[in-house]
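Labels for the chains are A, B, C, D and E, by order of writing; each one numbers its residues from 1.
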Amino acid sequence: MSWDYASLLPGVIVLSSLLPGVFIFLVREESHTLRTVLNLTGAVAKLILVGLLIYGVWLGQVFETRIAIAPGLTLVLNADALSVLFVTLSTVLWLITTVYAIGYLEHSTNRSRFFGFFSLCVSATVGIALSGNLLTFVIFYEILTLATYPLVAHRGTPEATRGAKIYLAYTLTGGLLLLVGAVWLRTLTGPVDFVEGGILDDLPASLHGQLVVIFGLLLAGLGVKAALVPLHGWLPQSMVAPAPVSSLLHAVAVVKAGAFGIVRVVYDVYGVTLAGELGLLAVLSVLASFTIVYGSILAMTQDGLKKRLAYSTVSQVSYIALGTSLLGPVATVGGLVHLVHQGIMKITLFFCAGNYAETLGVANVSQMDGVGRRMPLTTLAFTIGALGMIGIPPIAGFVSKWYLGLGGVEAGQHWVLVILATSTLLNAGYFLPILYRAWFRPLPASWPKEHHFQTRFETMGALLWPPVITAVFCLLAGLLAAAPFSPLEWARLIAQREYGL
Amino acid sequence: MTDPLVLCIALPLLGAMLVTALPRWAVTLGIVAALSTASAAVALTATVWQHGTLHLMLGGWDAELAIALRADGIATALVLMANLVGLGISVYATGYFHDRIRVRSFWPLWLLLWAALNGLFLAGDLFNLYVMLELLGIAAAALGALTGNRDAVAANLRYLLVGLLGSISYLLGVALLYTAYGTLDLGLLAQGVAASPELYGVNAAAMTLMVAGLALKAALFPLHFWLPPAHANAPAPVSAALSALVVKAAFYLILRLWLDLFWPITDMAVAMLPAMLGAVAVIWGSWRALRAERLKLLAAYSTVAQIGYLFLFLPLLAATPPGPARDDLLAALLLMALTHGFAKAGFFLAAGLVQTNAGHDRIDDLGGTAQRLPATTFAIALSGSALIGLPPSGSFIGKWLLMQGAIATGQWWWVIVVTAGTLLASAYIFRVLSRAFGLEPTPLKFVTDARAEVPALTLALVSVALLGLASGPLWTLLGLGDAGGGA
Amino acid sequence: MLTAQFLYGAAGLMLFVLGLWSFLVHEPLLRKIIALNITGAGVFHVFIAIAYRGDTAPPDPVPHALVLTGIVVAVSATALALMLGARLQDAEEEDQSR
Amino acid sequence: MSAWLLLAAWVWPLLLVWPASGIRFRQDWNAVPDPSPPRHSQLEARSSTLPWVALGPVPALAAALLAPLGTELPLPWLFLGTYLVLDATGQIYLGFTALVWLAAGVYAAFGERGAPVGKPAARSGRFDALFLLAMAGNFWLIVGADLFSFYVGFAMMGIASYGLVVHDGSPSALRAGKVYLVMALLGEVALFAGLVMLASETGTTRPALDDVSALGNATIALLLLGLGVKAGLVPLHLWLPLAHPAAPVPASAVLSGTMIKVALLGWLRFLPVGELALPGWGHWLALAGLATMTLALPVGLVQRDAKVILAYSSIAKMGFLMTALGLVLVEPALAPVGVAAIAFYAAQHGLAKGALFLGVGLRKHAGAPGTTAQAMILGVVVLLALALAGAPFTSGAVAKYDLKPVLEGAAWSWIGAVVAVTTVGTALLMARFVWVAANIKGHAEPRWAWPLAAWGLLAALVVLFPFAFGKPAAWLSNALPVGIGAGIAAAVALMAALQPRLFAPFVGLVPAGDLLTLLTPLLRATKQTGEVFLEDLGRTWGRLKGAALNAFERVFGTPAGDVERDLRQWPVAGALWVGISALLLLLLLAARAPGSG
Amino acid sequence: MSMSQSESRAAERNRDLSLLVAVSLAVLGAALTWLYFIALSAGAAPRLADLAYERLPGTGVSNPVTAVLLNYRAYDTLMELAVLLAALLGIWSLGPAAPGFQRSGAVLAGMVSWVVPLLIVTGGYLLWVGGYAPGGAFQAGALLGAAGVIVRLAGDPRAGLPGEGAQRWLLVLGVLVFTLVGLGLMAFGAGFLTYPPKFAKWLILLIEMAATVAIGVALAAAYVGGRPPGPEAQPTAEDEDALTAAETPTPDPTPALRPQP
């Protein structure tokens, strides 16, 4: 087990947020600067390391860390194109969310505990992204559940604990189903490594029955975190968490882990051809489409801003599942690139929601009259995010919707266009009224809980600039979609490798 | 070369005597004895690691006559676990007992218990095992009754009676074996049993008596009635020792008898009985833990459940032919036992701290304390995750291999039991942990009482990190092929 | 001769079974402890039965030693059980009086 | 260099959005806003010096005039690969669009924003920003040759113009805005689906004419439907008569003048015009166009508000253009002539309609009633109305003349007659408009010099149009139908002047959004049933959950203490223990019995 | 369901179960006896005896039982002493001793002054004779314990045992000597508890003496049934009275035990 640069980097990337996290736990509550320094060094270090990783993978270098935790059970962290996509997304957004969280939790309690678990979450997410086989994936998948529970319950109010309990019930059961599926698969085929194109093609036909049941188990396990409809109950409930948690975790890390898992299982375990033959893709596409429509309908009925965004996440994540379930490289590109786009757009929306709550005490859509006047920059970012979600062109959302549509049509599944159309209309149905209230309604007499910051801008710097930056990301991801090193190009690279073109 | 074998037993005995004789220096002598015994155990592991199984005939007489001390892979692993946990408990106990009378009574009995444990793990002679079982039972019962309140005395009286019943039944089994084979040494008896199939009746009777007796002491499902009150009312370090070590010793004996002595006469059907009882134990124990009001009662019922898991391995071992798969199962069994040992000890020590700090251990109103003692809550969280079997812990790998074995041998129903058990376990662990997220003021520093929290935290950490991520060496210690189950 | 040794051992087993029955059935503590001692005695008789090696040869010393150790262990266990019972009785009387 | 002009055409307005919006991000938020109304708002029009809105279209105009035909600017990295091309129709479109935007821009920058008298010119910053956004969308759409640019322009224009429609915030404007937005979104979604299928069928995102020949029926249907909403095809035109009047004058000028023409550009680009004969679709489009005209004209006649009349005249004109396009589709040979003629006609109508809208605005605000300025404005308005009606010596006549070969070439013989009737109808409509415009009582407002000048320039262009482009023969064409129309109009005017009551019942017979009045109760009904359905779905789900919860409680709630207490009693424990031992013994004996020996 | 009703139901159930237990135990007993018969017929048992007799000269004692007890299976005896100590410590941890009985009558007092010395002398004899005839540490210890019991019955609350400090040392003596001898032998390379033939006899005797004392004190203390009053605890007035009443000098067992070689 020679430890050289190539085999050490993935491990170090996971550790780069784990170690600061552990130290942060020990930091005393009132030493804010030390905690902020630890936080930021962790985030920046990880960013640099991921930069090196991207450069390496782009050069075609193979990065793999193998740790044998028990004979026959090895922990594998390897960086292929797909994992780099998710790692970059979570690392960049973690740095921004840390800045935001530091601002957001200015006067709150238990911050050492919060930031400790926050770093653990990110290392778990990065672990999920970099995992090279099903066992590592399951391990980090469970650690993610453990690390997010305290964050959801952070505020300590009865609703927080109730929401956290529901969250835990769902995700632990999901994790367990995933575990059983993984073990069953392990007994059938030996160590289950993620290999582009899948490893189950050579299995005898007699096992196909079991493979279908196993896929059911894996999908149920992953579906909980990917918030597929029957298993999405926890997402709106866990909106009691503070804004940075709901933005990074419930819009990017946790939810994406589920979607990423589905992508891994379909492409790198089963292989698209086998999954197609067994009819698994049909089931997945039906489930995804139903979630897309159902999530949006429910979002229309919610008055709470974060609840509405939560249901919108439920429906948006299923775009990725839909992209995966359609046969053909174009749909895959659509699904994968939406993994990134939905992340940056949704995190912008949640940041803005957090801003409104923190600066004006506005938590419901009905209170958002004239908020565009009082906080123009934040609302501008919110508008870019919202329009992106609907799929209005220059913003990133359109790109993934376009590829999904194109992929659907080329796979001969024209009903995908109908789903995308209804989803766009429903999204418009629950986002545009918000924009209308923000920009066109007059200012209310007074805000529920206005908080005056001593800055020349509309709110505190740490709260204002993150959403603006992510909004700019949305625009750039859209406008420069065809440029090299953009998410779209990287998704195309992955699709090519998955389909072996 | 076989010195550590003897030292592991002699040192705690010597320590016990000194502590009894000089009560004023009980604490210092106790810690010295604990440290020396732990180092002896580590030395023993090192020698076994290099030279494989150690074998010593006490008194230099030949095999039939003298008492043999044997340390193979399984015994050494358990001795190492027992001694490390013992060290942790001793460090914790220095700060736990303040009443002079208690201190004088605790240390001698604790060191005697420790000697009995080491003696039992390393014994190779059936009658010697009986004496060790008795010493263990009496020391444990006496320690359990240390608090002196009515429930503790009643519980420990029942425990003592159960222990005696079990030992006497075990002794009759030994008598029958001695009648049939004329020797008491485990190795020779094993050859005898294997060589004389015609005596299957006697072997069956002996096995029934011995295993039934030990099942009583190992608290297998219907016979677990004495455990919850005994472990819940004992002081924290004692209940940690009882749950993590004493119950496990009885299980170790059953395993030793089942695998070494009576292996030829057992088959799948026979192994199914303890496994079924174990399965019910898993569900019933976890379910009662979920309904328990008090933290230590919860931990006690969780022990009943975890012991149930260990018995699930028997039919799998019976069904798998010798080879890498069977080595994995054996190693997984050991891993589960070790992880439970560390985790349960850590859990009880932390629970003890919570009780002393809050004045009670009713789970529903633990909010303030859990919030005020972050390190303790963290220890509970870590050991809890090991008890549930969540990934970073050793029991996750144990459960993974258990399920893998179950599916491979076609006994898929154990997977359902394990899944239900894990779910219930996470329910009752997180029921405790959710108390830590109340609206109480923020704790100022992480560690409040180092002498008590550090052992609890280290034990919990070992169960999660060390056994979770580096359990490879266990395979080599057990002398099983490194290539167990492929690279 | 076989039958004498067998009869003696069988008597020991009978004692064991009787003691066991009495232990499980009778509720008062003292009866239970006495029953336990009877069961122990039964087992010791089985041990001694095997020590017999015919009228001429001296008996096998090992069972004797085992029984001796067994007796001491039984005594100490009984002592502890009795004292626990006594403490329990004091505590119960105290509760009734309060 | 000229290629970059194409890019500048739509990037420049985008750059201006920031300064124009007037949002001051750095200011003292903590200052307690002075309680005195009006609310101190960030979008208050600064006494800003530069008329950003007016400057917006300048690069586009320059591109239209200076850039040589056929210049191409490939930008593969921008968005999903944009290719800016200036082809013939593009140039014509860019020209007249830029002109109308310029005139409307100047009007907007200097004149009032068309806000109702009561409220001050509030939130002009927001108006300017949205105006520029719509402008940028419009230009990007015209110069962009690939699917994405078209769709981006279409979407930006659609969303931004919603802001323009609801600018003044009056209830009718809000209702109009809502209808507009819903239909615009439906159009966009249909267009999106159409473009996706087009891309997958043609295989490229930059379809040249020959790629487009292999389109499926579904794609064509979606394209027609998607762009039909924008063009005002009969059932989909409901938003037009509501939105245009609600918007402030410059906005409605642009809406009518340029935005609805975009649909034609889309069809010209993405339908195999001239490549493949599409008899089915061609006839269907022609018929649809005729239907649109026959509905729009009569309803327009009975309207009371001048801007609504103009809206209906736009719908009629678009109907006519659709018919022409339909005919060209049926007979590809007509394509070269037909496409140029359609573009030409669209340009002419854009300029005239834009000028007319601005004229109405000026009539209201440019000067006190009865002054010479108002009279002069009325005169020019009459001239524009004649141009629109296609009277001889006007641009209308010239444009119609170019379209004559298309009409003759059509398979249906009766097409000529129908067109003549519609020309009469248009003339009548224009007369009605002049009548209404005549008795608009405006009130003077200061600083109207610049808008007047811009309007004058535009009007002059319209007037000079025939002479610059048309052949002399074209000047006299279709004098007859216009004459008849004018005659009827004069007669009606005479009778109305004598007994105003005679026509009273007709005026206002059909409200602005004609079919909408039928539709709204239908929509409301479906909404209610939807809510009822959701409600009882929620109730059943609640009951279900309640039942599950108390079942759960019943199972888990029972105190299970007694089982353990029983287990602790010795006889029970003993029995269990003995039972297990016996079972174990039996199993062991059974295990060995058969295999013994 | 009132308590009495559930109790009656429980009692009735217990009765049925007892019957079931009785029947099943009877069956089990019969089966065991039958299997015992088969075991006996195998007849392999006595082999161990010949080996024990053959090795006897090397053990340093001629009584085979003592040889087994203190040489072949010395480890068992060591652990068994530990068990006895553990039981006693358990008893001590439960609480202080009960205050003892009322003063004994003249007859018992007279008997005590005769019987106790006799018991001690016989104990000494039994200890010595154990080397070559039935006897040994346990029997001698038992007699000493009996002496303690009688003294206790005669009214001495501390059953003739010394103060707590001394008592603890005496209790510990047995196991301590045994372990130290074992460790010593190990230190000299002979291996734990392997007596070199020359010194075997004396070592065994030394261990036996220590064991006898330990067992005697342990049994007496166990009969006292509780922790001796700590050194700092002043004897209460009632203890004083009991002590004076007993006039007769409380025989201190240790000196009498000096064995006559």
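The working rule: contacts are C-beta pairs under 8 Å (C-beta built on N, C-alpha and C of every residue); 3 or more make two chains touch, one makes a residue touch a chain.
All values derive from a computational prediction rather than experimental measurement.
S.K.: Spell out the chains that contact chain C while also contacting chain E.
M.R.: Intersection of chain C and chain E contact lists gives B, D.
S.K.: Contact counts by the stated rule: is the higher one at A-B or B-D?
M.R.: Taking the two pairs in turn, the one with more contacts turns out to be A-B.
S.K.: From chain D, which chain is the farthest off, judged by mean CA positions?
M.R.: E
S.K.: Roughly how far is chain C from chain D, going centre to centre by Cα mean, in whole Å?
M.R.: 102
S.K.: Just the number, please: Cα centre separation of chain D and chain E in whole Å.
M.R.: Their C-alpha centroids are separated by 106 Å.
S.K.: Cα centroid separation between chain A and chain D, in whole Å?
M.R.: Result: the chain centres lie 36 Å from each other.
S.K.: So, what's the distance in Å between the C-alpha centres of chain E and chain B?
M.R.: 30
S.K.: Give the residues of chain B that touch two or more other chains, as numbers and ranges in rising order.
M.R.: Residue numbers touching two or more other chains: 65, 127, 131, 134, 138, 141-142, 145, 148, 153, 165, 176, 178-179, 201, 204-205.
S.K.: Can you tell me which residues of chain A touch two or more of the remaining chains?
M.R.: none
S.K.: Do you know which chain E residues sit against two or more other chains?
M.R.: 18, 21, 25, 28, 31-32, 36, 40, 45-46, 48, 52, 72-73, 76, 80, 83, 86-87, 90-91, 94-95 - these are the residues of chain E that touch more than one other chain.
S.K.: Using the touch rule from the top of the page, what pairs of chains touch, sorted by label?
M.R.: A-B, A-D, B-C, B-D, B-E, C-D, C-E, D-E
S.K.: Under the touch definition given earlier, write down the residues of chain D that touch chain C in their complex.
M.R.: 570-571, 574-575, 578
S.K.: Spell out the residues on chain C that touch chain E in their complex, using ranges where they run on.
M.R.: Interface residues on the chain C side: 2, 5-6, 9-10, 13-14, 16-17, 20-21, 24-25, 46, 50-51, 53, 57-62, 64-66, 68-69, 71-73, 75-77, 79-80, 83-84, 86-87.
S.K.: Please output the residues of chain E touching chain C within their complex, sorted ascending.
M.R.: Residues of chain E touching chain C: 18, 21-22, 25-26, 28-29, 32-33, 36-37, 40-41, 45-46, 48-49, 52-53, 64-65, 67-69, 72-73, 76-77, 80, 83-84, 86-88, 90-91, 94-95, 138, 215, 219, 222, 225-226.
S.K.: Can you list the residues on chain B that touch chain E in the complex?
M.R.: 3, 6, 10, 13-14, 16-17, 20-21, 23, 56, 58-62, 64-67, 101, 105-106, 108-109, 112, 115-116, 119, 127-128, 131-132, 134-135, 138-139, 141-142, 145-146, 148, 153, 176, 178-183, 196, 199, 201-202, 204-205
S.K.: So in the complex, which bits of chain D are touching chain E?
M.R.: Per the touch definition, chain D meets chain E at residues 566, 569, 571-572, 574-575, 578-579, 581-582, 585.
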